[in-house]
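Next up, some structures in structure tokens.
Shared chain: chain A. Partners: chain B in the first complex, chain C in the second.
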Partner chain A sequence: MSVLTNIKRKMFSEQATPYVLLLPAIIMILIVVLFPLLFSLYTSFTPYKLTRPDTLWKFVGLRNYERIFTDWDFWVAFGRTVLFLAIVINLEFLFGLGIALLINRITWGQRTLRTIMMFPMMFSPILVGFQFKFIFNDNIGLMNNALQSLGITDQAIPWLVDGTLAMGAIAFAEIWMSTSIFAILLLAGLFAMPKDPLEAAQVDGCNAWQTFRHITLPYLMPFAYIAMTIRSLDVARAYDVVDTMTGGGPAGRTELLWTLIARTGYDSASMGKANAMAYVSILLSIAFTYFFYTKLVAARRYMGGAQ
Partner chain B sequence: MKLLGKITTTLMAGATALSMAGGMAHAGEFDGYTLRVKLIGGAQYEPLYTRIPEWEEMTGAKVEILSRKNHFELDREIKQDIASGSINWCVGSNHTSFAPQYGSLYVDLNVIMDDEAINAISENVINASTVDGRLVQLARHSDVSNLYYIKSLYEDEKNKADFKAEYGYDLMPPETWAQVKDQAIFFADPPNFYGTQYVGKDEGISGRFYEMLIAEGGTFFDADGKAAFNSPEGVRALQWFVDLYEAKAVPAGVPNYLWDDTGLGFASGNVALNLDWGGWASYFNSDDSKIQGDVGLIRAPKGSSGKRTGWSGSHSFSITEACDNKQAAASFVSFLTNFDSQMIEARTGLLPTRPDAIEAIIEESKQAGDDWLVHVFETFGASMAEDAFAVPSTHLWIPISNELFPELQAAIVGEKNAQQALDDAAAAANQLIEDEG
Partner chain C sequence: MTEVSLQQVVKRYGQLEVVHAIDLEIRHSEFVVLVGPSGCGKSTTLRMIAGLEEISDGTIKIGDKVVNKLPPRDRNISMVFQNYALYPHMSVRENLGFGLKIAKHPESEINKRVEEAAEILGLGMLMDRLPAELSGGQRQRVAMGRAIVRNPDVFLFDEPLSNLDAKLRVQMRTEIKKLHKRVNNTIVYVTHDQVEAMTLADRIVIMRDGHIEQVGSPLKVFDHPNNTFVASFIGSPPMNQLSGKVIEKEGVPHIDLEGNLTIPVPNRARNHVQVGQQVIVGVRPDDLTPEGHGMSDVGEIVSFDLSVSISEPLGTESILFSTIGNNEVQGKMLNPRPIEGEERLTFNLSLDRTHLFDAETGQNVLGHSDGSN
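Moving on to the complex of A and B:
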């Protein structure tokens, strides 16, 4: 009896109140987030096939992970995803920064331009994939027809077959679709930027480049790192555009982690192995997120913001 | 003559209607019941579904369509349903290449359906629809590929003379795949014109390789159930694709092509020969095609074994074991595969699975004076009856195909030689087979 009274007293004490109030939310998060994570982690230790539910109860230890660690194709896809992510994010940042700076200087029609800029984000990634698959088709595609009509080449350039060109075409589609995320966030940063430091720089005789390099850019970097964190998670999971344009091929030349994982998990129904791949690939997302947060904190510290 | 044809069609339809009467539901038999179904969606599949209200009116049941997706998406959804144990629907669209994956999801239709409905379908198709001795699906229409070509190329006197001088035999629509290779290389003038083309990814290239392997006299599995496609026959089959790619007789993008790419590419008028499905026949001769009126069609050529290629698949309907009213489901499937239903699909160019429907559509096309469609159905009908064969009946076909096609692509684009690519694919396939135990 006294134990129960003790628990009751602790539960309703002032210190415990916040936790008690948060308890429903915590329980919901555990059910919605943690349980599926633990379940998928468990399945990565089984030969679980979607079409054979009984395989869920067969424990095979680290066999899926052993296979992955010795699977050269997986690590090539892993490395290609890192490279793709690095190139796409940096280019999106550069283009987004350019667009934001240009739009910031416009005094008439800015709202219309901001809306137009958002258009690519409104398309479904699958639609974007089909659109660029057609543009880069070597036989009836717009790109080769344009190049041949202009007399630049008389060859059918195999845009989606050559490894480098195909990755370039996919990167082009990805950048076309998502550069506006950087542009919007950086534009928000420019709008929120105080005018005093800029005026002080002008009084001190800084030229436009010096003002941009030492005042505008450092001020925008926290916004850029937030955009990079969001986009790094997106690009590390790139699937729709790649699957539509090349399906990861030919001969695995454009295989990224999630085209490989989706084919293993759904088309081949080997969900146990696919989940093991997914857990290894999560390391990539964690690494990039950690890197960008570190840079974000450093940028804010540089600007005298919160630690 | 026309009158005779009309009488034949009427008699045939009448006889079929009578024979179907045994399988038909009685009026109002399923009053108040809601049949839950998952169907394949897409332009060529939809016309059949306009008949569903007729079945509803006839039986008193309602049909609730839970999904209407392309087959690859539907396949994923069905796999998820199996995994989560939520099979709360009765009828699902199926396909002969995919059916072996689904284990015991679907009932043996031999047990719950009338013999008339089953016997009306051609024997070849029934065999391909049977998995481990169980008839798990009833086919609505079939697919098999035959060779389309641009007629004027073969009528051109200069082409005839040049070809004879270079290859030593007359330029005629090809009878063998070796001749297809010669002619494709002869006609090719990249990037403006190509000799032929092929789908180059996913199950498409696996299937095309498989039929070429059979035509070369090879087998996909040996007697012990191990992968056997890395045989000399397999290497010859793959080398055909490699040689055409190296000779630039096919577009450089073929490793990325799927069915739409080959169909639209041929209709654009810059490809001489095109192995493709029957469903494209009407389109190739339509106003939207640049080769309208200049399209020829012959049976798929032969490989070096003397056998024709004939990779075939059928779109079908299956009934789940978990279905709470299998009689209603059987009535629905029977209705959607009966003579009248197959004629609706046949009029859009799809190949019926009932021999009587094939005969009737040929007769109907003759009466309409549509010689092209008559020729199409005669060619595809003969091909279905004599050449067609399905993929190996194993649930590992799709997983093995996923291991095989990147290796086929690697050989085509020159990263590996044919033997090396097939050996690597066979090793991966055997690992999958061993894992299954």
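Moving on to the complex of A and C:
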């Protein structure tokens, strides 16, 4: 009896109140985030197959990791993901920068354009995948149709059948969908940019290109790093667009990390191995985030020094 | 030899004309200050000289070269901005050397000139810092350093001291003056602070509403203001302006001021006014002093009694507030003694130093000074 009242008193004391109030949320987070995370980590040390639940209890240590480290297909998908990410992010940066610079120049209709620019981001990535699958279809696709009508080619270009072209088509879809993240953040940077240093640069002898190269671009880079952090996480886990457009094919030529992981986990039912792959790919994302974040912190040292 | 010459220079924004056909000749190695209230077009004029604003009409020459269409980089000028405009991502050293780097000077020469400028401005310890890590005064120094490194034909200063606190402002003012003595380039300097203008300038250009009201040496514009605007703008506290009417009294022209006060027309203005003319009498507080507390040797004097309502002691002098008719006037008391409550004092007005303006046009009845010294 006295123990119970003691607990009761402690629970309702003033210091404890915030924690008591947060308790349901904390419990929910433990259940939906931490527990699955630990569980998946555990399964990566087992030969767990969804079809054979008893395999969950067989501990095999690092065997899954050993396997994937010696698995050529995994490293190809890994390398392809890094390459895909590098190409997509750089192109998105360049296009986003171009769009931001153009929109920054216009005075009339700027708000409307800014909104229109965001449209691609409002669509579900799956639908974007279907849309581009149709556009790049070699028989009935818009792209081939247009090229043939314009007389540029009389061939049916196998956009989604040829490995390299298919990768390009997927990159095109990604870039179409998400360039506006760069554009909007870089535009915010341009709006925030003080005008005086630009004029000082003109007086100091810069032509338009030099002003852009030495003053505007360094000022915008922190904004670009934010966009790059967001997009590197996004692209590193690219799945929906790839899966709808090519399904990782032809013959695994567009297989990225997460399509491979999904295939391993669900099609081959090797959940343990898939989870081991997932943990390796998370390390990749952490590495990218860390890289851009370091850049951002370095840039923050001089932000605000313009006034 | 670098003169700057503005001929009939106009600036329009659409229909709105903000600078109206101004003419200005700036001599080689002259320190010219453009001064005026905000919105008078002084910064616009400076930016037109810099090439940061296009001119709508007229001609601007730097040296012998018409620069109307030239971009800033081809004018061989440097500019110090109000907000310093340092490059935020570059260290002090890089900021100073940036212009030279763009002009593709060899690195050894850049280093030498940067070190020289740093020496002049005392930036030695700060060379590797970023602008964000500097105080306002230090940033201002870097901005000036960046300007002198390039050894331009003309320096342009756009209110460079207005973001600094009062003490630092006085200090930097002296440094700018020293800098000019040392480098001897032509300087065009914009400010709204008449004290800055008076202390720095070889010649002051006073602007209002896109017109030049007067050009002259600091003492010239102080001693012979062309009109009531210049009279009130230059000098602190501002010149008292009393309205009155010219009358004939005992065969001599007098001015009948409000408040039953009549003073003779100063000798030098006697041939420039007519009986019946409405005039404004300008009297600087320095020339309206209580008996025994003024400057000696001030020539002809008129004396009258005024009651002092407020006194502002400044140490070496006190500013006294009173009224003549409906006009509030300020006088100056040298070697001040405390004034308690309202006190009636006899004031001396030194007649030879009063200014007379036509009430209708606001122009000095003696005509305009010619703009040279």
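Points worth noting:
As a working rule, the second predicted complex is superposed on the first by the 258 of 307 C-alpha atoms of A that agree within 3 Å, B and C clash if a C-alpha of one lies under 4 Å from a C-alpha of the other, contacts with A are read in each partner's own complex, and residues count from 1 in each chain.
The criterion applied here is as follows: contacts are C-beta pairs under 8 Å (C-beta built on N, C-alpha and C of every residue); 3 or more make two chains touch, one makes a residue touch a chain.
Worth saying up front: this structure is predicted, and the values here are computed from it rather than measured.
Between chain B and chain C, it is B that contacts the larger number of residues in chain A. Of the two partner chains placed by the overlay, neither chain B nor chain C lies in contact with A:Leu256. With both structures placed on the common chain, the touch criterion links A:Pro218 to chain C but leaves chain B unconnected. In the superposition on chain A, contact of A:Met117 is made with neither chain B nor chain C. When both complexes are overlaid on chain A, the residue A:Met177 reaches neither chain B nor chain C.
Shared-chain residue A:Asn207: touches chain C; no touch with chain B.
Applying the stated contact rule after C-alpha superposition, one finds that A:Val280 touches neither chain B nor chain C. Note: no residue of chain A belongs to the chain B contact set and to the chain C contact set alike, using the contact criterion stated above. Those residues of chain C that touch chain A in the complex are listed here as 50-52, 71-73, 77-79, 81-89, 98-99, 102-103, 130-134, 146, 150, 156. Partner chain C is touched in their complex by these residues of chain A: 194, 196-197, 199-207, 210, 214-215, 218-219, 299, 301-307.
On the side of chain B, the complex with chain A involves touching residues 72, 76, 79-80, 82-83, 85, 101-103, 190-191, 194, 200-202, 251-253, 255-256, 261, 264-265, 268, 270, 395, 398-399, 402, 405-407, 409-410, 412-413, 415, 435. Those residues of chain A lying in contact with chain B across their complex are 47, 50-53, 137-140, 144, 148, 154-161, 246-247, 249-253, 263-264, 266-271.
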